[in-house]
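Following this message is one structure expressed as structure tokens.
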Amino acid sequence: MKKLINKPEDVVRESLEGLQAAHADIIKVHFEPHYVVRADAPVLGKVGVVSGGGSGHEPMHGGFVGKGMLDAACPGDIFTSPTPDQMEAATKAVNGGKGVLHLVKNYTGDVMNFEMAAELCQAEGIDVQAVVIEDDVAVKDSLHTTGRRGVGLTVLTEKIIGAAAERGDNLQEVANIGRACQANGRSMGTALTSCTVPSAGKPTFELGPNEIEVGIGIHGEPGRERMKMKSAAEIVSSMSDAILSDLPFKSGDETIVMINGMGGTPLIELYLLYNEFVKVAQGKGIKIARRLVGNYITSLEMQGFSITLLRADPNMLKLWDAPVHTAGLRWGI
Amino acid sequence: MKKLINKPEDVVRESLEGLQAAHADIIKVHFEPHYVVRADAPVLGKVGVVSGGGSGHEPMHGGFVGKGMLDAACPGDIFTSPTPDQMEAATKAVNGGKGVLHLVKNYTGDVMNFEMAAELCQAEGIDVQAVVIEDDVAVKDSLHTTGRRGVGLTVLTEKIIGAAAERGDNLQEVANIGRACQANGRSMGTALTSCTVPSAGKPTFELGPNEIEVGIGIHGEPGRERMKMKSAAEIVSSMSDAILSDLPFKSGDETIVMINGMGGTPLIELYLLYNEFVKVAQGKGIKIARRLVGNYITSLEMQGFSITLLRADPNMLKLWDAPVHTAGLRWGI
Amino acid sequence: MVTTDSVVAWLHKLDDIYTENKSYLTELDSAIGDADHGINMARGFSKVTEALEQQPPKDIGAACKTVSMTLIKTVGGASGPLYGTFFLKGSMQTVGKTELDAPGLLELFAAGVDGVVARGKAVLEDKTMVDAWLPAIEAMRAAVDKGITPMLAAGVEAAEQGMKATVALVARKGRASYLGERSKDHQDPGATSTYLMLKAASETLAR
Amino acid sequence: MVTTDSVVAWLHKLDDIYTENKSYLTELDSAIGDADHGINMARGFSKVTEALEQQPPKDIGAACKTVSMTLIKTVGGASGPLYGTFFLKGSMQTVGKTELDAPGLLELFAAGVDGVVARGKAVLEDKTMVDAWLPAIEAMRAAVDKGITPMLAAGVEAAEQGMKATVALVARKGRASYLGERSKDHQDPGATSTYLMLKAASETLAR
């Protein structure tokens, strides 16, 4: 394992120290318990938005803390849920008196830890609601199971509900918009290579020199199918089919799309993939109103990409366009 | 070779198509000859700034075209200089009557192709000057040779001279600021892995599982030394020594620093590296006035990073802070 | 009677047991999860040892509360909140108590397991730790009149059977559920750590 | 006398020669450069063939101009502007001419090489194509009175020696210069393609 780190057990803390040093104008990092919080938190009279999850997906979530997006992020160990004490402390730090929304990706650990944190906060009189993101169409959904994994839609939702909170929406309204995002968004990813968790020291899985894993999870969880390498056009087309048919998206839908790199994929390929997606969308009459092309929710150095598609109503588009100032996403400010 | 592409010979064009589709609000892409140009070009009464070079370094340069930065970028084939017809067409497209500055990285091919383009443009009455960037301290400098390779300083210079042109500086003034950047900036890179040029189909070089190449060039050119993997702290410290002692930077200097990923390095590591650099800078009394941490000048999917340090006077800092709106760098707008 | 000291002995024993079984549990988790269950449990209970030494508990409720807070803060993942909740609910049954008879000990376990079910919303045959906990509680309830030692023995036996029965199941909760049918033919790591917890209890609390 | 037709024959021959020597030149470039010189030259001259077929040149100057523009637009890198400049300056010497005697042909080459030197600013022993060009021009100038065939033969021989002499040199221009001492013991690819260009000239222009 070659990594630009010191000791595996110090990666998360030292990286957070770097984040803090680089972006002291927009964020503060609190250590033990670890959380990243807006420099001006708590913003009085504003709903607080807190997200969190395992580290290794940067810029998500710490890179999305700032005006117009998250009030705080709780980074766990690499690929490991943060703990309730982090979320509780972050929630208190951003509570501006209008309640706090927790944005949670649907992994058992994340869900339960956020639930415990919410109970602790509610016991202290803070109004807390949670929105759970589960958008990965690679996982079969059924009433009897845990549901789907939360992946790329988390990024789009963080932007949109962050803007809603900034606009002054109340907790119920912000939560409703978050749930509308969940109801209208779908994602899928494909990996060309595995990543290596620093403390594990070896790749999470092995892929042959001509193999890809279609439907990969953001922690390297197995996907739908392991198949032979295909062209960008073929890969995008089959992933798009899975996404479009799931919601389903329909001709005329206005959408926000994200072509997301897993961390080790060069930007020249991501734009090429976006070009392929544009062709698919045009063929099906799907309108691309907004888009993100880049590394937003990564899996360490994994090579691969994911597609996220959100059917966006005019309100969501307006919130999308609202100013945002974070380390990982910035416009209008 | 596993890459998210269709045919190797179509990568540059198809990626540019994606860039155009994604950022139609800020840029237009012209094909044959290929160049990326500001959507509102030519801006009358403003000096035009044109950069260019081989592709494979995205977001540089196409991702830096837009208000406050480049007026146009000429993308060559992957790791290959663009040709004078591209630069000539781009120069004409951005000529707003106040002359055009060419920003050139110091590679023989780039320099000569830009020179030919400049002659063609001058023959048609367009005032053209060139600024050549050669900042890579890994290459020994001497009066008798070609000089150094142009690397990370290119990004900082594009931002600063782009802002100077936007402010209304004349051609000579913009060129002078560009040359001041060159005089005050130094860089060095280290690779953990090679990249693979699509048309070559195999890695440019081989590194053992415990080896790194210190002083790597952005096309995978050999560096100063191949050595055993070290800790992030040790690597940053020795690269910083090489950079700081070269100019030399002195205690009290105000600087802009870039910790740049080569394309395959996760952001969590880049922030950790920035944290190490902050410690080095503090130890030497170097002030970090501004910083960039991320993937700005890449080498396809190479794992590794580079450090660029620019001693910045108040004018440069003011230009750095000026609004910029490009695909790869955006603030204030 | 179970005393505060014997509860503390049980908790120290858990530190040893999870350290010994760290790679075993992690291996089970690597087949159908994310290869960290043994690491999580070992980390959590070594911190429990530290916490108990730093602030020796004055009663059983306090001991359970310390365990709960420590696990919640240091384990993370799914098992952190689950075992954390187990000890939290257990502590609420034992506030101020320095001794427990068989029904009192059963209450601790039963309240804890209710907490686990409420937290994780798993039912029998979802292939989780609940498949070890629920049969164990049932067996202990049936044996409560026989006294602490036989009650715990019955619980351990039932937990072991429940744990082994998870092999044949398809996971419907937790990380393994994303694997669907492919989760079959593997023993659930959480059910295994639950069995080990009860086994340690019978070795330290029985008298 | 060299005619427009024989110049066109030379240019077609260059297409063949660089296609044949594509991997050879690229291999040379992979040792001390970026492994594309053969690919660059082959691509450029196959486009030259296309361009000449699309618009048959009416004189030698027009032929050279077409080659120049084509190389400039399609070769890129260092060799594109260098060979492009060679033919551009050559075309300026031969505007409107349909025949060249030995001094006329020498003028074409000499003007071209002046252009290469002005463009690349390389001097002798920088380990570039100039190490083949300069001795060749000198030898041709010395033999110009003997007529076209002996003049070209002298040029080829000098170019070959110059090319071979690059092996021992340390590069001070071009991509190879970044290697410093490590550029030694390798033959320069550009000097090699220059030798091949002259060899083809002597095979097609000599009479």
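First chain written, first letter: the chains are A, B, C and D, and each begins at residue 1.
Convention: contacts are C-beta pairs under 8 Å (C-beta built on N, C-alpha and C of every residue); 3 or more make two chains touch, one makes a residue touch a chain.
This structure is a prediction, so every number in the text was calculated from the model and none was measured.
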Longest centre-to-centre distance from subunit D, chain (CA-based): C
Distance from subunit C to subunit A - Cα centre to Cα centre, in angstrom: 32
Centre-to-centre distance between subunit D and subunit C (centres being mean Cα positions), rounded to whole Å: 81
Subunit B-subunit C separation of Cα centroids, rounded to whole Å: 57
Where subunit C touches two or more other chains, by residue: none
Contacts with 2+ other chains: residues of subunit A: none
Chain contact topology (line, ring, star, complete or other): line
Every chain pair in contact, whichever chains are involved: A-B, A-C, B-D
Touching residues (chain side subunit A, partner subunit B) in the complex: 2-6, 11-12, 14-19, 21-22, 55-56, 58-59, 63, 78, 192-193, 209-210, 212, 229, 231-233, 235, 263-276, 278, 291, 293, 295, 298, 300-301, 303-305, 330-333
Contact footprint of subunit B on subunit D as seen in their complex: 34-36, 72-78, 80-82, 84-85, 119-120, 172-175, 177-180, 182
Of all residues in subunit A, those that touch subunit C in their complex: 33, 76-77, 79-85, 107-109, 112-113, 115-116, 139-140, 144-146, 149, 200, 217, 219, 221-222
